[in-house]
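Single-structure report; data block below.
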Amino acid sequence: MTLLAQLPVIPVILPLIAAPLTILMPSAKLQGRIPWLWASAVSWATFAACATLLYSVATAGEISYHLGDWGPPIGIEYRIDLLNALVLTLVSGVAALVIPFSYASIRSEINQRQISLFYAALLICMVGLLGVTITGDAFNVFVFLEIASLSTYALVALGGRRDRRALTAAFNYLVMGTIGATFFVIGLGLLYQATGTLNMADLKIQLAGDDNRMVEAGFAFILVGMGLKAAMFPMHLWLPNAYAYAPSAVAAFIAATSTKVAVYVIIRFIYTVIGADFDFIGAAFGWLLAPLAIAGMFFASIVAVFQDDLKRMLAYSSVGQIGYMLLGISFATEQGLAASLVHLFNHGLMKGALFMAVACVVLRAGTQSHAGCAGLAFRMPWTTGAFVIAGASLIGAPLTVGFISKWQLLSAAFDSGRAWAGFLIVASSLLAVIYIGRVIELMLLRPAPAGGVREAPLSMLVPMWILIAANVYFGVNTELTVDLAERAAHALMGGGS
Amino acid sequence: MDLLAFIAERYNYWIFIVLMMMGLYIVIARTNLIKKLIGLNVFQTSVFIYYISIGKIAGGTAPIYVAGDMEARAHLAEGDAAEVLPGKSEIGAGAIQGESLHDGFGLAGNDLATLTGKASESDAVHSAPQGGANDIFAAPVLDVDAPAASAAGAFHAAADVIYSNPLPHVLILTAIVVGISTTAVGLALVVRIREAYGAIEEDELEAADNIAEFGRAIAAGQRG
Amino acid sequence: MISPGLAIVAAIAAPLVAVFAIWLLGARPNLREAATLAAGAILIALTIVVFMAVGEGARPGYRLLTIVGGMDLAFRAEPLGAMFALLAAMLWFVNSLYSIGYMRAGDEKNQTRFYMCFAIAIASAMGVAYAANLFTLFIFYEMLTVSTWPLVTHRGDDAARQGGRVYLGILMGTSIGLLLPAIVWVYSIAGTTDFTPGGILAAPLEDAGALPMILLGLFAFGTAKAALIPVHSWLPQAMVAPTPVSAFLHAVAVVKAGVFAVLKIAVYIFGVDFLNVTGAAAPYLWIAAVSILLASVIAMHKDNLKARLAWSTVSQLSYVTLGAMLATSMGALGGAMQIATHAAAKMTLFMCAGAIYVGAGKTLVSEIRGLGRRMPVTFILFFIGAVSIVGLPPMGGSWPKFLLMLGAADAGQLVIIGVLIVSSLLNVGYLLSIPVQAFYLEPAGEGEKPQGSGGKALDWRHLREAPILCVVPPAVTALMALLLFFFADPLFAYLAPILETR
């Protein structure tokens, strides 16, 4: 057994082992740099592993890893195809940037002695998200999901030092999240009852496309449960407060990753586990997913326009963006699915960058309200620049990832004969012009604020600008995102990779 | 009568559903955070019961090998022995598939069918998948491919010992741990909320937030 | 000698290089302006290279990169684009001279940012001119919008912010909301967005009912820079910008990029024949006609000189749209020539308006009574520009009107001929009246408050011509407007190949 053969388990095992070790590290010494450096190193190693996995899957095909050498369907299998390799890379990549980024921001926002605990929780959250993505066992998804969720509740609650509303936000998130996870378990139980297996690939074989109310009920429970976790409209109520009051770096991490992972699970269950041949899936696409996606796109974007808190605005925007992904899925075409996957990846990049920029604003201007942005272009040019580029990406300006997403979604809509959907997509992105434009106008066209507001430290600027560079790079070179997403969609729709 | 039988046969599901709804109702209706958590617990517990009940098989013993059963099993499985060994099987390979199907249909429903005297003509419990579990959703049973089903039947005819399905129980053990962790985190949050706000009633918290933000209690005022 | 294909890329890159140079030289204004002018001169040379090559029948192109299917960043020069690029390059150089005079005389703030944004805008205009497909066109179109926004909001006060909001809101809103889906739709229908002689939609949309009409509408209103009513309101709002911005961007680069795009889409995406056969353009023909008359009438009521010119621009731009929508070859060529002649004439007028502001501090038409006696050169130039806009010989502006009337006759639209005549009369009313007032009416007396509102009393002792850099550039453009009359035939012959259907 070479180390390379064990690679698929590294993204989960490495941070899982590293997290408890982080707790042992002193928060007080060297201003808490030890756990920070440690967590950064772990996140980079994890990212390296995930990127290697992506490369190997893209070139050599799917990887199936049997935990403890117990083969499927009895043992737990990690099954890595293009779809989850892409999500793994996104999650670990964002983590590898957010963790180094977080240091200055976190030190100012949470209790000094909790720094090592914070990094432990962040690593565990990462484990959970990576585990959900990598596993090929349906019940394993639930376990990792709860690992991620529990640590997220704790991370959100850490914002309580700045604003006590973080505590109630975390509590509400906990209640909603647990209901969602429990619904998911009920759905799994029904699927298990119908098939007697929990391995995803085996589940599909056993279901063999036979319709059955038990399967339908199971799918409904899973969709609702995961919809809650993905903040699918109208089950998004936990999200705005959780993002708004969580420590800024945490918001950047979970906004870029956690809802995306939940969307991934929905895609995975629809295509890999249940199979999209069922009539009820088609009905769910047409009558549930598409209307809710559109409602979310507009409702959340309109609400975002009227926010006067940066993080809440971005949070509502996230709900709207989830709508784009679900809309793409609901087209039920290969192109639509590929567009969703591209947007899933790209939205992680842009929302991560936007929340990072807000974290810089919070650190230096000490506020996350719109009013605090006035004239920041003169004091924090790099942060403003990052916000403008990431915002342009969110709007869908050409040569950024946002444009690629929008183009893919639009051409999927027009190609599948849904011209109306195309116009709804652009109409809701016009709302993004308004809410992002408001902030940019404040930043650029107001006089510089009084007082000693200065540019954020390099430790924050560098990771942020790496993410901005990714926003532009993947907006021009789409080989990684679009090609892989198209291949992944092709494989999921049964064309084989 | 039919309706009564229909209800009675599936008492385990009714318990599950009633508990689940109670739990959800408590979560939604109560304003006290602790009570909400308790409701959440009840809700989760209902799922535990659901899982436990689907693992139980009529007349089945605890899933511990009975003496003599091993030989029969070995005899039965000799052709496919290699494939039950860990790490060597392929997804969907014959014996494994039969095994997992057998697990799937070894449901509480069969148990109920036996209890209520509705056992099918067949001796083999597992050839009677039309029993409760699937019926509750009044849908056609999944097609078990013939060879696998008969293999499962023969299997038990030979073994003559019926085990309950251990897998759901193991799964739910994990879920219980998750549930306890959730409750612990939730309670810890409640403690912190009480420290920060001095209250654990939702409307009081909301009022406190409104006072902090707008200088007066908007929501509370509307309610009052 | 640089190859034409490379010259295209260089034409886009040269202003962008200038952006950096301007930024680096921000502290030394003379060198900074030298960088702008040098880039302008290089740009003219490059666009001439392309122009000549296209004139010889070549269609030089350059493919920069492919992003995904249907998204090629590629350029290809054809007569329309080569003419637009050359025009924009020459006028940029002239306007840069004028900017220097204007900005220094007015002692404006943030001049470095001003010149940088200007250079980005001209690079975007080059990109629009040379775009080989709709996707490239869209990218540079958006770049043009974004880069001109800081220019519109240059003053940074509330009025500028408000104007900027409307500017960005309408231009971005329409381009994202209408143009982008239209482009994707075309890609979805035709499998390409390349500008192809004869159009690309004729075959796939043979019996598509109202679809061509819907698509054309998306394009016509999606390119709000063409200022077709009702998406015109950004243009008068943009007049809060300093005059050089209005002169160059809102008489040449931005608005012409809009009508250029409409014309190019009508000719190379739909194809004139296809539009003619399906009648898809008919509704937009009438909207353009209404725009022409309505905007002219509004212009008559505007007392602010720049606002009057802006409304005049709205009216004149619709000539180009009208030409495209006539769906006849004469109409399309008339529209193409209108791009050139109107650019020269309207820029003259704007620069004169700026010269009046710099020299006399006057912005209202009602205040300029008698000013011609002290500023004769400015008002003579204004007169020349106005004559060209009205369309009287011997000015360039007479040819497009003539061609458009021919085109309307070809299409059997006699009412349109009437519209064009009425419009010319209205132009006489609102434009020629200005130099007439300036020369023939008695000036307001010393210390007397002139008629009209908000004016200050004239101070005759200090009234004189604007600085030389504010007077020479309009003289150059006025000369161009004059020359266009005499060189109309070569230009016509140069543009004619756009109608070939290969």
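Each chain carries a letter (A, B and C) given by its place in the written order, and its residues are counted from 1.
The rule we apply is simple: a residue touches a chain if its C-beta (ideal position, glycine included) is under 8 Å from a C-beta of that chain, and two chains touch if they have at least 3 such contacts.
Quantities reported herein were computed from a predicted structural model and do not represent experimental measurements.
*Asks:* Report the most central chain, judged by the distance from each chain's C-alpha mean to the global C-alpha mean.
*Replies:* Per-chain C-alpha centroids compared to the overall one single out A.
*Asks:* By number of C-beta pairs in contact, which chain pair leads?
*Replies:* A-B
*Asks:* If you average the CA coordinates per chain, which chain's centre is most distant from that of chain A?
*Replies:* C
*Asks:* Which whole number of Å gives the spacing of the CA centres of chain B and chain C?
*Replies:* Each chain's C-alpha centroid was found; their separation is 71 Å.
*Asks:* Could you give the separation in Å between the centres of chain A and chain C, each centre being the mean of its C-alpha atoms?
*Replies:* Taking the average C-alpha coordinate of chain A and of chain C, the gap between them is 45 Å.
*Asks:* Report the inter-centroid distance (CA atoms only) between chain A and chain B in whole Å.
*Replies:* A distance of 29 Å separates the two centres.
*Asks:* Can you name the residues of chain A that touch chain C in the complex?
*Replies:* Where chain A meets chain C, its residues are 395-399, 404, 406-408, 410-411, 414-415, 419, 422-423, 425-427, 429-430, 433-434, 437, 441, 444-445, 475-478, 482.
*Asks:* Which residues of chain C touch chain A in the complex?
*Replies:* Per the touch definition, chain C meets chain A at residues 65, 67-68, 70-71, 138-139, 142-143, 146, 150, 153, 156, 161, 164-165, 168-169, 172-173, 176-178, 180-181, 184-185, 187-189.
*Asks:* For chain B, which residues count as touching chain A in their complex?
*Replies:* Residues 20, 24, 27, 33, 36-37, 40, 43-44, 47, 50-51, 54, 86-92, 96-97, 100-107, 133-134, 137-143, 167-168, 171, 174-175, 178, 181-182, 185-186, 189-190, 192-193, 196-197, 205, 209 of chain B touch chain A in their complex.
*Asks:* Tell me, which parts of chain A touch chain B in their complex?
*Replies:* It comes out as residues 66, 68-75, 139, 142-143, 146, 150, 153-154, 157, 160, 164-165, 167-168, 170-171, 174-175, 178-179, 181-182, 185-186, 189, 192-199, 201-202, 205-208, 210-214, 217.
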